[in-house]
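Chain IDs A, B, C and D follow the sequence of writing; residue 1 opens each chain.
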């Protein structure tokens, strides 16, 4: 079954800051989509959407036709319409996969799905990040180097205020000594969620071959087994005669 | 350390329906508070609060002086002010314990902390419920009979749309054959949450000695180790010289 | 990638008790293999092995060529050679999937992988079992009816002494009122383990279309992403220069 | 209720290597017991036991009178009698708390309770270890600095081959860049298990005030709610009339 992927990006840094545009000339969404296309090939159809589009490009029709949504946002979280956030949440609970990336930890959709502050420690100092696999049999870790070495990155550190994840796949360390649960999975409703922290507008992380592999693995893992959306609903069944 | 407990109840059924008032003459909150007082004795100070009070009785001062909050609501969920809900959530994330009871599965505070629909199957048919302990070493199960027998109850059945709980303590079966994860724990921020489904306005479940024991155990378990509230916050630490 | 499946059965009931042989004329392993073949088709190659074979049919070569092993045993658990058990464990930790079925909860391999007694309550009284899905987005629950109805079954009840599972997929109730965590997953080393309780020598459960679907789903889920076995090992790495 | 603690140490390094004896003149068990006594005070009675004693000091009587056992071993794991290991396991499953320390990851008792290889990466190079709290509301993290700084330590790194823990409380980073899940909890049977890696015979880690605090917190957390041992057992209950 072909996986229908939508890469969403607020696309503000790249359109307002020349230095960021130089790193991501096709936008962060473009770099991510390109990486996915290269690794998933025929197995996926990749599209993108951005904040400036009507309904941020995330109409009911578009979400209904998306198996896995990737979310990158940073400086414009509060410009995302609450109605669109509610719509995305509904689709996730109904089965759509969701990958939340880097600064997306503070997106409305992630906070709403987690129920916590999603706060963390950070420092933008071009530090070396090492991404260690702690669950090597997990599909998201398939074929990933131990560790992934990222020469320069923003530091994200603990305490990361999220619910205990279903699965902890990656832990990062930084040159400054901090650690971070950098790859974690959750199930909410019927939807699978993967949060992955490596990736920043100021560093070319989304061109890193190993990071691209993790994202491609994540898309495969988060894809629902059925394209049908089944939002969990309250029901009031009559008592049944099970022997009938 | 004395545990400061607040039992919150919407207190609408009991004040508007005579048959319910006959079952719970002091309100559901009164029955719960009485049960806790009997079992926790000197270890706790028990107070109550209801929807009709200013700010639903849940002012900043009151919450700051509450170690564990119990929540019972059903027909008036949408009358709870969003600002109060946000305040309660903030206190839970900062360390306050929370017990969500029965129909509180559809309360604003529970849905907000879970991030899911919290929907389930139900049938009000005075069925026998059996509450089985599946984690017998857990403090909440201490001294609890295997199973707890409740002669007449509303049925709550799966699928219960909650995140995978941190711990599954109790599973119920009903005469009609349904099952329900009736006792589950979560951590959100620094706060401990226990959802426990047995208990309904139409049945005298909160007078059941075993149900009272579970609630008392739950209060002890959810009580924070410190009375200080520490809401997780974003931080931006400078790099440190760890050898200093 | 074709999944190479081995269905292991002690095959003692069927060869020593006529009434059991009448239910499972090709052995329990035969019934299971037949069900898997029908549902997995070209996606899998199914073989069987039994206790009476040399090394119980589980030689190093055979296990190296097995992606997913299913295990059914009951009255002859203690006749399984400890060396073979250690070999199976090594392959699971190295990545082989394992489905442990019904009375296999007391098999040497399951107890060794769990570290607990794996004890439970049981009653053989031809009771109706209902198998409820509590994690509907899970691949093992794909296409499974809510609930699965099994007219006559041995009762398995809580407390089931296993470690908290990674995922709880199914909970069963029985006519007598007991409940059981009947479908649970674990990861051990790189291997995925699925324990599924429905299925007994005295009842034709392995011919039930829904049970067959769960087992087929379980095989797909437990199959490793790579056929290579990578037993976790201690290592003593020198300090590295990550900037190199 | 007074917590009855037994600190077990193989006590071989200190009796055969002068440099180790200089660091731990009263043995590692002596240093740990001293730290616990200082912090737990009247709340605990602390005793010790060592490999050289008859039955390694862990007789049935001694274990029956122990609420929490701490285990330190390294070079003599294979000298621990299998019968004693089985006895300790039985007590843990029946409710006794267990703290497994540092190189105890390769002890017979830990491997048996985990079901995995418990292997890891290591390097003895006097590196700085930082111990970060990732679950700040957990009782074991109460009053612990963020991070704990240990100037010189043996490195333990991922992949650490353990089952997914019930709770992840601490993650360590090392000067060389490695990370380790250094504080993890498990439940097995009715017993609570806490593995904590900081601590080595060559470094005075067990005199570190923060490490002592973690161990004291761990003892409080692992203590059972009842002193009675209740090993989970198979049962064969008759069908009951729940209305009786």
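Just so we're on the same page, contacts are C-beta pairs under 8 Å (C-beta built on N, C-alpha and C of every residue); 3 or more make two chains touch, one makes a residue touch a chain.
Please read these numbers as outputs of a predicted model, since none were measured by experiment.
Colleague: Spelling it out: a chain qualifies if it touches chain B and also touches chain D; which chains qualify?
Modeller: In this structure, the chains that contact chain D and also chain B are A, C.
Colleague: Check every other chain and keep only those touching both chain A and chain C; list them.
Modeller: Per touch definition, common to chain A and chain C: B, D.
Colleague: Tell me the rotation angle, 0 to 180 degrees, that brings the C-alpha atoms of chain A onto chain D, to the nearest 5.
Modeller: 180
Colleague: Over half shared numbers or under half: where do the identical copies chain C and chain D land at their interface, same or different?
Modeller: Same-residue interface.
Colleague: Using C-alpha centres only, name the chain that sits farthest from chain A.
Modeller: It is D.
Colleague: Tell me which has more C-beta contacts between its two chains, B-C or A-B.
Modeller: A-B
Colleague: What whole-Å value do you get for the distance between chain B and chain C if each is reduced to the mean of its CA atoms?
Modeller: Computed value for the inter-centroid distance: 37 Å.
Colleague: What is the distance in Å between the mean C-alpha positions of chain A and chain B?
Modeller: That pair's centroid distance is 32 Å.
Colleague: Give the residues of chain D that touch two or more other chains, as numbers and ranges in rising order.
Modeller: Residue numbers touching two or more other chains: 128, 130, 135-136, 157, 159, 164, 166-167, 177, 187, 189, 232, 242.
Colleague: List the residues on chain B that touch chain C in their complex, please.
Modeller: 128, 130, 132-136, 146-147, 157-160, 164, 167-168, 171-175, 177-179, 181
Colleague: Which chain C residues qualify as touching chain A in the complex?
Modeller: 95, 128, 130, 135-137, 139, 142, 149, 151, 166-167, 187, 189-192, 224-226, 230, 232, 242-243
Colleague: Spell out the part of chain C that touches chain D in their complex, as residue ranges.
Modeller: Its residues touching chain D are 89, 93, 112-117, 119-123, 125, 127, 157, 159, 161, 163-164, 166, 176-177, 186-189, 231-240, 242.
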